[in-house]
Amino acid sequence: GHSRIDVDRRARTGDPEVVFGSGKTPEQVVEILRTLHAAHPDTAVLATRLSPEALDHVAAELADADVDRVARTAVLGALPAPRGLVRVVAAGTSDGPVAAEAAVTIRVHGAGVERVDDVGVAGIHRLMAVADRLADADCLVVVAGMEGALPSVVAGLVGVPLVGVPTSVGYGTGAGGLAAVLSMLNSCAPGVVVVNVDNGYGAGVHAARVARA
Amino acid sequence: GHSRIDVDRRARTGDPEVVFGSGKTPEQVVEILRTLHAAHPDTAVLATRLSPEALDHVAAELADADVDRVARTAVLGALPAPRGLVRVVAAGTSDGPVAAEAAVTIRVHGAGVERVDDVGVAGIHRLMAVADRLADADCLVVVAGMEGALPSVVAGLVGVPLVGVPTSVGYGTGAGGLAAVLSMLNSCAPGVVVVNVDNGYGAGVHAARVARA
Amino acid sequence: GHSRIDVDRRARTGDPEVVFGSGKTPEQVVEILRTLHAAHPDTAVLATRLSPEALDHVAAELADADVDRVARTAVLGALPAPRGLVRVVAAGTSDGPVAAEAAVTIRVHGAGVERVDDVGVAGIHRLMAVADRLADADCLVVVAGMEGALPSVVAGLVGVPLVGVPTSVGYGTGAGGLAAVLSMLNSCAPGVVVVNVDNGYGAGVHAARVARA
Amino acid sequence: GHSRIDVDRRARTGDPEVVFGSGKTPEQVVEILRTLHAAHPDTAVLATRLSPEALDHVAAELADADVDRVARTAVLGALPAPRGLVRVVAAGTSDGPVAAEAAVTIRVHGAGVERVDDVGVAGIHRLMAVADRLADADCLVVVAGMEGALPSVVAGLVGVPLVGVPTSVGYGTGAGGLAAVLSMLNSCAPGVVVVNVDNGYGAGVHAARVARA
Amino acid sequence: GHSRIDVDRRARTGDPEVVFGSGKTPEQVVEILRTLHAAHPDTAVLATRLSPEALDHVAAELADADVDRVARTAVLGALPAPRGLVRVVAAGTSDGPVAAEAAVTIRVHGAGVERVDDVGVAGIHRLMAVADRLADADCLVVVAGMEGALPSVVAGLVGVPLVGVPTSVGYGTGAGGLAAVLSMLNSCAPGVVVVNVDNGYGAGVHAARVARA
Amino acid sequence: GHSRIDVDRRARTGDPEVVFGSGKTPEQVVEILRTLHAAHPDTAVLATRLSPEALDHVAAELADADVDRVARTAVLGALPAPRGLVRVVAAGTSDGPVAAEAAVTIRVHGAGVERVDDVGVAGIHRLMAVADRLADADCLVVVAGMEGALPSVVAGLVGVPLVGVPTSVGYGTGAGGLAAVLSMLNSCAPGVVVVNVDNGYGAGVHAARVARA
Amino acid sequence: GHSRIDVDRRARTGDPEVVFGSGKTPEQVVEILRTLHAAHPDTAVLATRLSPEALDHVAAELADADVDRVARTAVLGALPAPRGLVRVVAAGTSDGPVAAEAAVTIRVHGAGVERVDDVGVAGIHRLMAVADRLADADCLVVVAGMEGALPSVVAGLVGVPLVGVPTSVGYGTGAGGLAAVLSMLNSCAPGVVVVNVDNGYGAGVHAARVARA
Amino acid sequence: GHSRIDVDRRARTGDPEVVFGSGKTPEQVVEILRTLHAAHPDTAVLATRLSPEALDHVAAELADADVDRVARTAVLGALPAPRGLVRVVAAGTSDGPVAAEAAVTIRVHGAGVERVDDVGVAGIHRLMAVADRLADADCLVVVAGMEGALPSVVAGLVGVPLVGVPTSVGYGTGAGGLAAVLSMLNSCAPGVVVVNVDNGYGAGVHAARVARA
């Protein structure tokens, strides 16, 4: 690959290798995945933010890679055994890709993961119906766009460490996820922490570290 | 009073006279209330956003005025008979003054009003416990600061017309009510309408018109 | 459809089923409309924010659907009898699609609707000429872009409950509707309530609830 | 005075001397006024944005000065004969100080001036009643806070050159005059030009130049 | 045309008919120009913000129209005799289209116009060299992007009424013209008035009214 | 106390009782602390954001309370035994109060805590010298104002779960903590999660939950 | 002093010791100055952003300190011999304190300094008159508020390295220095570099390093 | 070329001719380069921000031009002998094009240049490993996107004059480079100066002037 890899940092932090696909050509993505996999044959390598073309190229060139078209990710190499459990909770269907990116990231970073979908705050009964499943996780990743209210409600239900992920789902004054990220930063429920808009990857890294500890 | 009153508009709209106390001296407030009351002896006159000094001066000078120190309002003249019912729902104690301004406004504008307090989204069970009382109102005014999520949750529970009032309760990225007003404008629950930050008065006018129809 | 429908919420609120077309394929839109119509054969199902391709696909596949290319909506199933009347008032031609979305939403949600177009504030005589028609409605939806001043003027003419809808019509410092939404939130006319930029649907839901009560 | 005066520029532009009082001590204001008046005994010198203390000090020290406590201005020296007429139109009582600053500035800069007050857009009949007086001016200065809609309506009534002055009257999302300045910049009426928030002085300079030409 | 024309307003203001081409099809533009020209055969009709396709279509269909591909305008009908003179001053080549829109608008609205180009503030000697030509105009329109400093410098040189037009020329923190519009609103030179970003049309309307008076 | 306590939520989440002192009188703070302590004699009760007057009043009235004038907190009741260890890392002296609020919160919420101060990024050797102490914690809370860069550097050194706390230390374009909160949300180091500006309390709740698990 | 001094960094960079007075008590400022001076008897120690009380206390307690009430600085210890020359150019009187902070900083950091005041862009002849003095400096620091245009004009006159310092002088849309900092970042003159609003200190450090090289 | 070149300014400042390619056609770029080169045969002419098409056209038409596809630049004519040394330090691979634009600009403006890549703050050991190379430059240009923290860390290591260049690398709340530019303006390390987002050219001009002095 053309990028000087910070091998030391990854050794220090215990994280797997990750390729940020945004702005890379399909050929670059495949080449970096191959190189990193050769250097780390025992651990999974993750690529995120892949374009449709990059997803196709990875699928064609790397038969062993696990390609997820919703999450826009590819994983090469054996997944670590899951330690602990993170539940990824999503408000609506449109939040699915970000939730999927978080879920893949969590597994690659060594924790177990389960999804809880379609529990947006406008239908609070759906959320109450799954409250028990929220309380038994080691960490929660809660994904929501629009007004981004879901983390506040979930954090009021259970005392599990919780990461809010605002998504760019929205329009008008909410375009780009600004309303959602401000909502989550100002949650009236204690202990909600937040990542950048659409950053399922960052939430997943944090959640996996918490859950596998 | 020094301000030329738009008597025609008030005749057209059917609204009572209202004095916006912000930036007026205690003497001006008392004088305008007196003048308007003399001109409209049969209907209540409302003053809002009164400073502590103005509240004192009204209480001292206008024995018949009904002064509310939390709402920062004064009412002079007989209240109209209540038609219909508006419930004013507030998330937290700090949202109280805005909820109180809305409640007084609603009564002066001819509708009945009841308060539902301390049902913020971080303790969703409290809200569920009063869901029945929310459904039987003609209109709801829902007041919340911080992330302003309460209107979304309430609007998902009942199909009653609902006005969200963001408050300036918050700090950091939420200072001034920006997070709350963006949240409410971007509610994922259909039919939430919004007024300016801390504008209990405006929400009350709209709700009273809806309820008394 | 792939999305878990919140059937309970719709039962609670009395609203019809609605499909938010943004981000859905033409095939998904048709499939969801079909499924919801089968489940609710007696009430109309509404789809909004449809792409040209989705509008074509609905027209081709669902012969009974009522497709509106300006409003970008499709309706499947019999409309409810209209109760009450909402007038949708629009400032300029460019605001037409948002006004149309509001109008369709209102009818599907059970109220009657009439349009008043091209009454922008730069030609105030046009508005004065229709003032009578504004006063006899049960609710007004007032749509305007650019500086979004129309709701203030209308709210000064009549005491009818009024929802302002800012549109994204504008450029430079007004791009995206920011000037219009701020204008409406800061209206000097009492009782103006506001929805998100271009949210004709949200305004329509609120107005229909008010009018049909 | 401690400030090096740009005598050349004033000669070039034909404007009178002006002292911007903001951030100057009462003593500095008096001293500069005295010095400028001595240097230009035949023309009026204007001071704006004076604090209450500076207004007192000028009144006490400069018996010939014309002090306006609402406009927060002082004028020393004989006013020029008025050429042409500017009307200063204001929406509400709270906009009075800015309208007054514009009016004083206009007279000092050589044009005649008349005020039209309390014609805010929420009571449009008041504005229509004075439409004739608007059409016969050489230039209009239109002052409004909150949503700042008044310039659009006035510019739709008459073809006179018109300067909008947004004021900082407002709260919440309108605090500081942001809603008003954006409104005026995005006016749907052609030919509206705008100055900074509360800048009655700047509007007055431009209007006087237009009117006296 | 599909849009209800506000004939009364145009009679009141003395302005010619103008078509805002943004968002209209080439066919609509041609049709509206034709209709307006038939109704007003003695005065020029102006169309602005025309797409390349609309410009082509107008050129092909309306042989008498005067099409300006830089200004993106078309004019149909005889221009009025020029009264007074406006100089349109532009900072850089990229500001040319906005300056051209202003110039065409000025001529159609009845004033004479001349251009002064390439006098940006980074080469102040170029501006000084033309100072005389600036002082003899009845009004100046000063167009600049990036930091938008040109109006301040020009307004310090001459006392002619001056309208600043910020352009969207810029990138990074200046993208969309925000830096330029803020600069002009905050000019330290007295009497600078401002229009929306890229609004050569609005500046032209105001300047023509001033110059032809 | 006048506020309806959400006892259920606290039971569900396992968190102690907390009083948010902002906007409460000294008398209210003392009364609520007393009531909560009586209801929960076995666990510590925490009050945050206390004014100097409230700190004095608590110290005078509640002899057993532990008052921290830097953190602006008071604790009443026995602290829980510490489980796990959180290190609170602060960039500069001015960030001290926020770091102190986080530290007190962590102890009250059941984890152990140690401080690492004065390791801002402009003196990176100081940080490198304590790298070992960073790696052995169960969770890190990293507090920084100005450009808020410290969390990125720390997160590149160790793989421990890390919460960034932006502070309002800064001026000009950084006033209010905007630069710091944006920095942390956009960290190029994976896994950084963020709370609101100055929200040491929120970071502490999250970190304690992570550490004590 | 209570703050752990980063002695190493200062050794590495060759800069003198500096105390940031904002938020420190007069006693703390005096104590830190004394301690640093004792540790570095041969070089000057600088304190900035001192309150009036701190300036008084330093003057009373440290007879050898050089206190500048406009710059709000104190210097203790012998100034280094000046190498090279920086000219600090300021637009208006109100920009004086920031220009003074820059000038003091430059001298303490080892370069010579001269001031050029009152050369704002609205009176461009004043600036042209001193153009020669601008060209012979080793570095320029250009200070301006309002629209912050001065650096663009100066950078077009000379090819000397130039640092722009936006000040918070302004109001309305320019309050806090936003217009000025955006202007400078978007300068159309090549090579303008910028520091934070009012950061005369930062500009001075950079300029001294450039000049003394 | 169609643009009037400010030959005088370039003579005054000693800078080479530069063509800003943004918004120019390939043909215009080639023509201007040719004309300028003919006028200045002894010095290099630089073109920046070239589109792929313009790069191709320059390569095809001007055989002697030095085209850099990463920097998006072309240089025609002999480079000046390098005086002094600027090091361009970049955080990540995505920042490469901006770093390359800076490097080319520096050489064309007469200084020597060397690159230091891939030393982002999340892997601080990489930066420490090259600290010596940073200290021996005459000026540093430090390029970083995302949270833009790199200039703070570098400025804490060495006392060399340093220009920070924020890049638009980022997404969500960091889109467009806002987080990075705010970070750099608020650096806690003294003496960091900043240019506009992605403005490698501006940073290069300043750095070359500093280094070659």
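Worth pointing out:
In this document, chain identifiers A, B, C, D, E, F, G and H correspond to the written order of the chains, with residue numbering beginning at 1 in each.
By our rule, a contact is a pair of C-beta atoms (placed from the backbone, for glycine too) under 8 Å apart; a residue touches a chain by one contact, two chains touch by 3 or more.
Bear in mind the structure is a predicted one, so any value in this text is a computation, not a measurement.
Touching chain B and chain C together: A, D. Contact count check for E-H and A-F (C-beta pairs in contact): higher for A-F.
In this assembly, the C-alpha centroid of chain B lies 50 Å from the C-alpha centroid of chain G. If each chain is reduced to the centroid of its CA atoms, chain F and chain G end up 36 Å from each other.
Here the spacing of chain D and chain E, counted between their Cα centres, is 26 Å. Annotation: 42 Å between the Cα-based centres of chain F and chain H. Multi-chain contact residues of chain H, defined as those touching 2 or more other chains: 6, 9, 92, 120, 122-123, 155-157, 172-174, 178, 181, 185-187, 190, 196.
Inter-chain contacts, as defined above, occur between A-B, A-C, A-F, A-H, B-C, B-D, B-F, C-D, C-E, D-E, D-G, E-G, E-H, F-G, F-H, G-H. Looking at the complex, you find that chain C touches chain B at residues 9, 12-15, 18, 135, 138, 155-163, 181, 185-187, 190-196, 201-203, 205-206, 209-210, 213. Within the complex, the chain H residues that touch chain E are 2-4, 6, 8-9, 22-23, 166, 168, 176-178, 181, 196-199.
Remark: chain F residues 91-92, 120-124, 128, 145-149, 152-153, 155-157, 170, 172-174, 178-180, 182-190 touch chain H in the complex. By the touch rule above, chain C contacts chain E in their complex via residues 92-94, 117-118, 120, 122-123, 125-126, 171-175.
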